[in-house]
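Going by the order they are written in, the chains are A, B, C and D; count residues from 1 in each one.
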Amino acid sequence: MFDFQLINGLAGLLIVTSLLVILSRGPANSARFYALQSFILVLTFLALAKETGSRELYLWSASAFVTKVILVPAIMYRAFSKLDDPRLGSGETMSPAVSVILAAGVVILCFWVVSGVALPAAEAIKPALAVSLAHFFLGLACIVTQRNILKQVFGYCLMENGSHLTLALLAAKAPELVEVGIATDAIFAVAIMAMLGTRIFLTFHSLDARKLTTLKG
Amino acid sequence: MVFSNLPLLILFGPLLAALAILLVPSRGFGLRLIELIHTVSIAAVAVLALAIASDVVDGAHLTAFDDWFAVDALGAIFVSVIGVVGFLTGLYSLSYIRHELRDGELDPAKVKSYYGFFSLFLFTMVLATIANNIVLMWVAIEATTLGSAFLVGCYGRKSSLEAAWKYVIICTVGVAFGLYGTVLAYANASDVLGNADSAILWTTLAAHATALDPMLAKLSFVFVLIGFGTKAGLFPMSAWLPDAHSEAPSPVSALLSGVLLKCALLVVIRYYAITVRAVGPEFPQMIVLILGTLSILVAAPLFFVQKDLKRKLAYSSIEHVGLIAVGLGVGGPLGVAAALLHAINHSLAKALMFCGSGNVLMKFHTRDLDRVKGLMRVAPVSGVLLLFGCLALAGLPPFNVFVSEFMVFTAGMKAGYLWLMLLCALFFTITVAGFIQIVAGSVLGKAADATPEGDVGVAALAPMGILLVLVIVTGVTIPGPILRLVGDATAIVTGDSTPVAFAMPWATQAAPAEVALAGPQLHTETKR
Amino acid sequence: MMTSVSDSMTMTLALATIVLPFGGAALIACAPGKASKWLCQIFALATVASILGVVAGFVEAGRAGATQDLIRIGRTEILGLTVDALSVLIAVAVIVIGFLVAVYSASYLTMGNREHPAVGRPRYYAFLLVFIGAMSGLVFSSTITGQLFFFEITGGCSWALIGYYETPKVLRSAAKALLITHVASIGLYVAAALLFLDTGTFAIAAIADLSDGSKVVVILSLLFAAWGKSAQVPLHMWLPDAMEAPTPISAYLHAASMVKVGVYIFARALLSAGAVPHVVGWVGATMAIVTLVYGFLLYLPQVDMKRLLAYSTITQLSYIFLGLSLSVFGSHLAFQGAVAHIFNHAFAKTLFFLVAGALSYTTGTRMLPSLRGIVTKNPLLGIAFVVAALAIAGVPPFNGFFSKFAIFSGGFAVAQENLLLLPMLVIALLESIGCFAWFLKWIGYSIPGKPSDAVASAQPLPMGMQVVLVALMVATLCSSFIAASWLG
Amino acid sequence: MTMIPSLGGLAPLDLLLAGIAVSAVGGFGSLLLRSHDRAATIVAGLAGILAALAGLGAALPSFVAPPSVLDVAGPYPFAHFVLRMDPLAALMVTVISLLALTAWIYSLAYVREYAGRGVGAMGFFMNAFVASMTLTVVADNGFWFLIFFEMMSLASYFLVIFDQNDEAVSAGFLYFVVAHAGSVLIMAAFFILANYAGSLDFAAFRTAKLPGAVSSLVFVLGFLGFGAKAGMIPLHIWLPRAHPAAPSHASALMSGAMIKIGVFGIVKVAVDLLGGGEVLWWGLLVVGFGAVSAVLGVVYALAEHDIKKLLAYHSVENIGIILLGVGVGMIGIASHQPALAVLGLMAGLYHLINHAVFKGLLFLGAGSVIYRLHTKNMDQMGGLARTMPATATCFLIGALSISAIPPLNGFVSEWYTYQSLFAAALDGSALVKFATPIAAMLLALTGALAVMCFVKAYGVIFAGDPRGLRHNDVVEAPPTMIAGMGLLAVVCVVTGLGAPLIAPILSSVASATIGAQAVSVAEGASLFGSANHGTVSPPLIAVLVIGMAGLPLGLRAVLSNRGTPKPRRAAAPWAAGYLPDAEMAASAGSFAQPIRMFFRPLYQVRDDVAAAWDKVAFAFERLVCFARQTEPRWDRSIIDPIASATGSLGRRLQVVQGGDFRIYCLYIVAALVVLLALAAR
């Protein structure tokens, strides 16, 4: 039981770190916080692996450590630290306080939704499940509310982490190759986004999402 | 289940080609080599796809790699669509890209990555269609986004970067929901089966779908529909589509609209099949129908008011995907068969039209329909091809879209959606109007004096010609193999595995042996 | 059941009438532009030969109707051919007139044309051929799907042909024609779907198996489609505007063939349906009368000869609808009259349109007020004008009278039990007098006397056009006999 | 009785058809020879003459023979091609053929007037006209009857517009529209009959049992339809315009023969097909229309200056007289008085023949005058008796006949008409007793006015001094024209003097038509009424005898005018001492002046009707205007709104695609929420 508490606790930490990723100024900071968050995620995986005795999850933790804690932050750090749009600032559209309240709202909502789901396998880890869902939506919220396109990359990463956690919680015994595929996708996604973001910056001289509204109608 | 190497071959062929292309230097002789590898790659995909399809037509169910890959009738349909449309648009690319290179729109490095990503894109799409592992399916769909994102932004212009960015963000966000659906389905199944390894296979899921928890199955389907529906271009998740389609190079637009949307649809259809078995047809049909109808109702007027040729075609794609969804939504063997057939038909016709838009671009250097005038005078063959493409997409016979539209309509009537079908038909009249406008305004009429005469090269026209022939042939008669595949696939989707339904998409009580293949053979049977 | 050799021969020939024109069109598309007009005529002639073969085979086989499937899936007929008295008769009209129009077009589309000096392009001839094929396909179709298929092809072809001159106005008219008929085709969609749902087949013959309620819905849906194609109120708007088309096209599409699609499918449905509830007849007859009155009203302000003819076509088609609707009440004679009227009107109105075309060819105008004294300048044209007008107006010995007579005769017979029909028939009779008077007025105005400036300066008529006009005049004299003896 | 032996044993109908075939050949030959006027004239004329002779040969033996029938299936399943030569048809064929014969003879010279203006076509249309008239009267099937009836109108339409001037065209228009409208009414009548008979054959019509009201409806439809053709008032409007417009020999045929087909049709429908009906008012209706037509016709005739218009109005008058007889015949049938029925009908038929003959004669005479003077205005004629004596003589005979001067034929038939009216008045219901004397009175008035009119006509044209410019070089008409007129003049005399012989034949025709057993009402010069047998007619005998004696004297007096200048001429006692000149002689206008004053109310009627026409024309203009405005309204109220609505819907929907991808992401969430809600439902 204790380990499930641990898992749920770690999951709670994820929310905090994701708020940090969202709210921090500058992409480099966000990348650092993201690495931190991914590390917590890996810990969660490990706890989960220990609890369920899943050999696959150990492998997942390893691959997640490589991809999420090292590779992705590195890519982002390298790609984004040069990009800076002073006119835009952090590009947030709402104050940190509101963001926190919003996040809290999302978490509560997700708890409520998850409590309604009858999943025998996930009875013990419902809080973690709720957190993973909330995490996902926090990432989405990051994409939707932030004007800085780099933040949207982070938003995507948060969503990805959230869904990854869900996957681990609900499908702990899924073949490791699957996880490798997902992780690879994530890396490539981040790489492509980073590349596109860079080219957008070079072309538009801005990171403002509002500049990207010429195609419409 | 037959183990076969074909799925692996078709999968890794283009992947290797992509890698090879990316390794070849782009200067001088390299470009020719790249084109050669590209041609070999697309030809290989086409040949293998048709080989797979013919195996499946013969009743085989190909599997590979521990059942992670499997090609049933349903998958075979889409694999062959990828093969054929991929091959033809790939051929068209050769001429189109050379033209762009000459015009300075692209530089050799971009050309190299274009061809590289083209094969990669093919690889991801093939992966999506032959994956039997549901997470792999998701991975593949996500990969298609990544593979094609570069292609969309290929030109590097402001607008194309914007389109690519939107494409990536919206699709990854959308498809992320798909992962939730996938995970829910998997968790659901592994609970039921107690076997984590096989629960991840779609075939297993489908076989044991009746045992699944209905509520979870519903939730899973909602997530899947939203997630993969984004990629498939269902309203309201389709917002990326007009931008990406209009900004991509024309052959890529053709591939996106003709094939990519269908790959995502395939995944939706696969989950639809599971959900139908798990919770009965009402719920999945209802929500698919809602999204499909919405797509038609919104896309048709939007289509009508566009001034940008490719954007117009993009909205038309949304509309047609909507129609496919309506076919699924009205359900029944007829509806599903109609939807599948429409997926095929729309692929061919839309590929033709997007290639045609490429010709327009090559001749006029603009997509603005107000400035494209008198294509028929300037480039007669392109004009004729575009004319027929428009008529085909408008749903006029003897082109294939008419046939499947009619089938969807009939299926809808059969399911009792008379008024809904009338509404859809009326909105498709708007489509007709829009395509007629294109022809009237841009294909016919008098060209501006400055426009140089002369058609685009044969290399660009030939693939379109083939597409037109396919569009007409499948319009005049549904070839036997297609009919067989659609029939089998329908049975897979509806889960009604009695042989009658397998043989009979029309759901009458004829025995399968009676299925006379289409074709103008004169049956000597006289009535009255 | 086995069929005799001659039967399958007939079927093959019937199929040839559909396939040959399509093949010809494909050939034109590939052949050099100069050959197109000859190819068009050759293939049209070959089609005529095929249909004559069908006639011969049909008569030889004892005039028994036969149906043959071309495409069927399971028990569902998708496409098939019906060769019976009705389809052969109409196919003959459609194909023969198609050939005549092809011949006429070769003379009309030349640089000598005063109204539109331009050499005909391959597209024109190709679509003309496709149109012939599609019409013959529609006529021979044994299934609603087949009808729908060819219905839409005719719509597409008509769009391409109406828009031939490619001016914005023309293209707008063409689009209007296509869209309105497309909306109408929804009726056909509904009919096909409903028929399939109830019977599991698309065969028109299956209408007879429907329950009364479904039958009414199916036939009314067909009727709606028919109204669109046959330009009946309220779906008539496209036809007058479609007069922007090259005149041979107006002659063929808007007099002989495309507008006949509507009445034909209605006739075919009624023929196959067995006993039909009376409500169909009431709806059909009422709308026919409304169109009659409206069409006549719109004769009055017309000065463009072709627009006048368009409205005349609309009202003549109303007579056919009236006749068909009357047949619902049990009058076989009205049905035969209506079918004969399809046949007769095709020749007469084609003649009239081709006269209009000849006038615009020779004089450069088709505005009636500037056309006077035609017979003095060009007797053949004057006579053709008079013959056509009288045939349309229904004056014996020209063909219009005979079929109208049968329609009215049948109508009065059934009006005895359905007294409400009587006022309708009276209105129709009054319209026929009005139509007669109006055409007589224009005969008197345009034909005799001193030629107006436009007519006086007219150029001579090419041989090809003369031949076609004479052939059609002969046809207006004998078509009613042919139709009557054919329908027996 | 065989006045002419049956030719070569041919059945009458075969002979008739052979004649028509000849006529057709001649017609087409004439058309083919249109570039050679003379040849065309001769071909058409000879064919026409042969056909007319064949017609006479077929018809004359059939007066008394039993009806012969030709029944061919024909191409129309619903209508056999049936011809029937019964006595009534024989009578009509005789009339048509006789007139055609004279007209053709006359035409040989007359059409030179039209040289270079489509003589070939004229020959074609004339042949078609005569042939279709002949076929109309022998047709015994409603369908074919209508076909021939319409073809007759059609052929004559082209004759009417032959001059190709505005007046001719508009006259032709009026004529054909009225005729066509009439034929539509007839068609309706036939349809109703066919419903009860089960076939369009007249044979079936005759035996059909119709309810009274339906029967009356059929009668009224037929009466109005044929009445329009016959030119009875008020359906006569076309007649005074169409007849003058046609070439004179065509006018002779139209006025002499064609409008009789209208009367024939009335008899056919009312008496032959419907059996006369059981109701009295049919006959009274016919009598009423007849009386009005007679009086108004002659009154209007009086006011005319145009010789051919004058004759046309007289046709209206005489149709009225014929209808009086027919009406009485129908009264007789309805009141079950076979004798009265036969008498009335016989009177009508007799006048039908007579009018055909003398009106044909008069038109041909008028044609001769026009041929030489090239004008139709009587005020420009005068004194032609000196230069065209033969024409004048023939015209005089015609004028005397139409004025019912004994012993010429007009008198005889009018006398029979009087007799029938009196007979009806003597023995009938109160209404009949009231109506028929009035009709007789009106007939008397008509007769008086007709005399006056023709005194005027003859006087103005032929007597007095020449007016106008070219009269000095006017010479007699060519011999063939004289021959045509002469033939008719002779017939006028023969049918007048031969009344005792002809009346019995006609009464047998009448009784055959009625279907009663042969009730002989006329034997020699005596009449037998059913009510009062032995109504001998001493006055008739007396008058005829006197006439017989007087006629040669009269003729001689006229003929002796030639070349012998009147001694009185120099003295001119009535010219107040002036030498009378052309202007002083009574002209057509001055002659009619008192009449016009006297009958002003009647003319007023005509003017009022004309004024009403103006209103109708105005209303029509409004209608056209309305239609013109209606036409684009469809586009404006349906097509354009739909098109613009689609466009604006699209533009509004474009808001959805606002360009901001973050909003697009929200769409996804929104869709998810909605679908989840649906799933949780």
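The working rule: a residue touches a chain if its C-beta (ideal position, glycine included) is under 8 Å from a C-beta of that chain, and two chains touch if they have at least 3 such contacts.
On a predicted model such as this, the values are computed, not experimentally measured, just so you know.
Q: Count the touching C-beta pairs: is A-D or B-D ahead?
A: The comparison resolves to B-D.
Q: With chain centres defined as C-alpha means, what is the inter-centre distance between chain A and chain D in Å?
A: Taking the mean C-alpha position of each chain, the two centres sit 104 Å apart.
Q: Cα centroid separation between chain B and chain D, in whole Å?
A: Inter-chain centre distance comes to 79 Å.
Q: Just how far, in Å, is the C-alpha centre of chain C from the one of chain A?
A: Distance between chain centres, rounded to whole Å: 69 Å.
Q: With chain centres defined as C-alpha means, what is the inter-centre distance between chain C and chain D in Å?
A: Each chain reduced to its C-alpha mean, chain C and chain D end up 39 Å apart.
Q: What parts of chain C, by residue number, touch at least two of the other chains?
A: Not one residue of chain C touches more than one other chain, so the list is empty.
Q: Out of chain B, which residues touch more than one other chain, so two or more?
A: 165-166, 169, 173, 215, 219, 242, 302, 305, 433, in rising order.
Q: What positions in chain A touch 2 or more of the other chains?
A: Only 140, 143, 152, 212, 214-215, 217 qualify.
Q: Using the touch rule from the top of the page, what pairs of chains touch, sorted by label?
A: A-B, A-D, B-C, B-D, C-D
Q: Show which residues of chain D lie in contact with chain B when the two form their complex.
A: Result: residues 643, 646-647, 649-651, 653-654, 656-657, 661, 664-665, 667-668, 670-672, 675-676, 678-679 of chain D touch chain B.
Q: Please output the residues of chain A touching chain B within their complex, sorted ascending.
A: Contacts found on chain A: 117-122, 136, 140, 143, 149, 152, 156, 159-160, 163, 166-167, 170-175, 178, 181-182, 184-185, 188-189, 192-193, 196-197, 199-200, 203-204, 212, 214-215, 217.
Q: Which residues, counting only chain C, touch chain D once they are in their complex?
A: Its residues touching chain D are 176, 234, 236-237, 240, 297-301, 333, 336, 376, 390, 395-397, 401-402, 405-406, 408-409, 411-413, 416, 426, 429, 432-433, 436-437, 440-441, 444-445, 448-449, 481, 484-485, 487-488.
Q: Which of the residues in chain A come into contact with chain D in the complex?
A: 116, 140, 143-145, 152, 209-210, 212-217
Q: Give the list of chain D residues in touch with chain C in this complex.
A: These residues of chain D touch chain C: 75-78, 143, 146-148, 150-151, 153-154, 161, 164-166, 168-170, 172-173, 176-177, 180-181, 184, 187-188, 191-192, 194-195, 200, 620, 623-628, 630-631, 634-635, 638-639.
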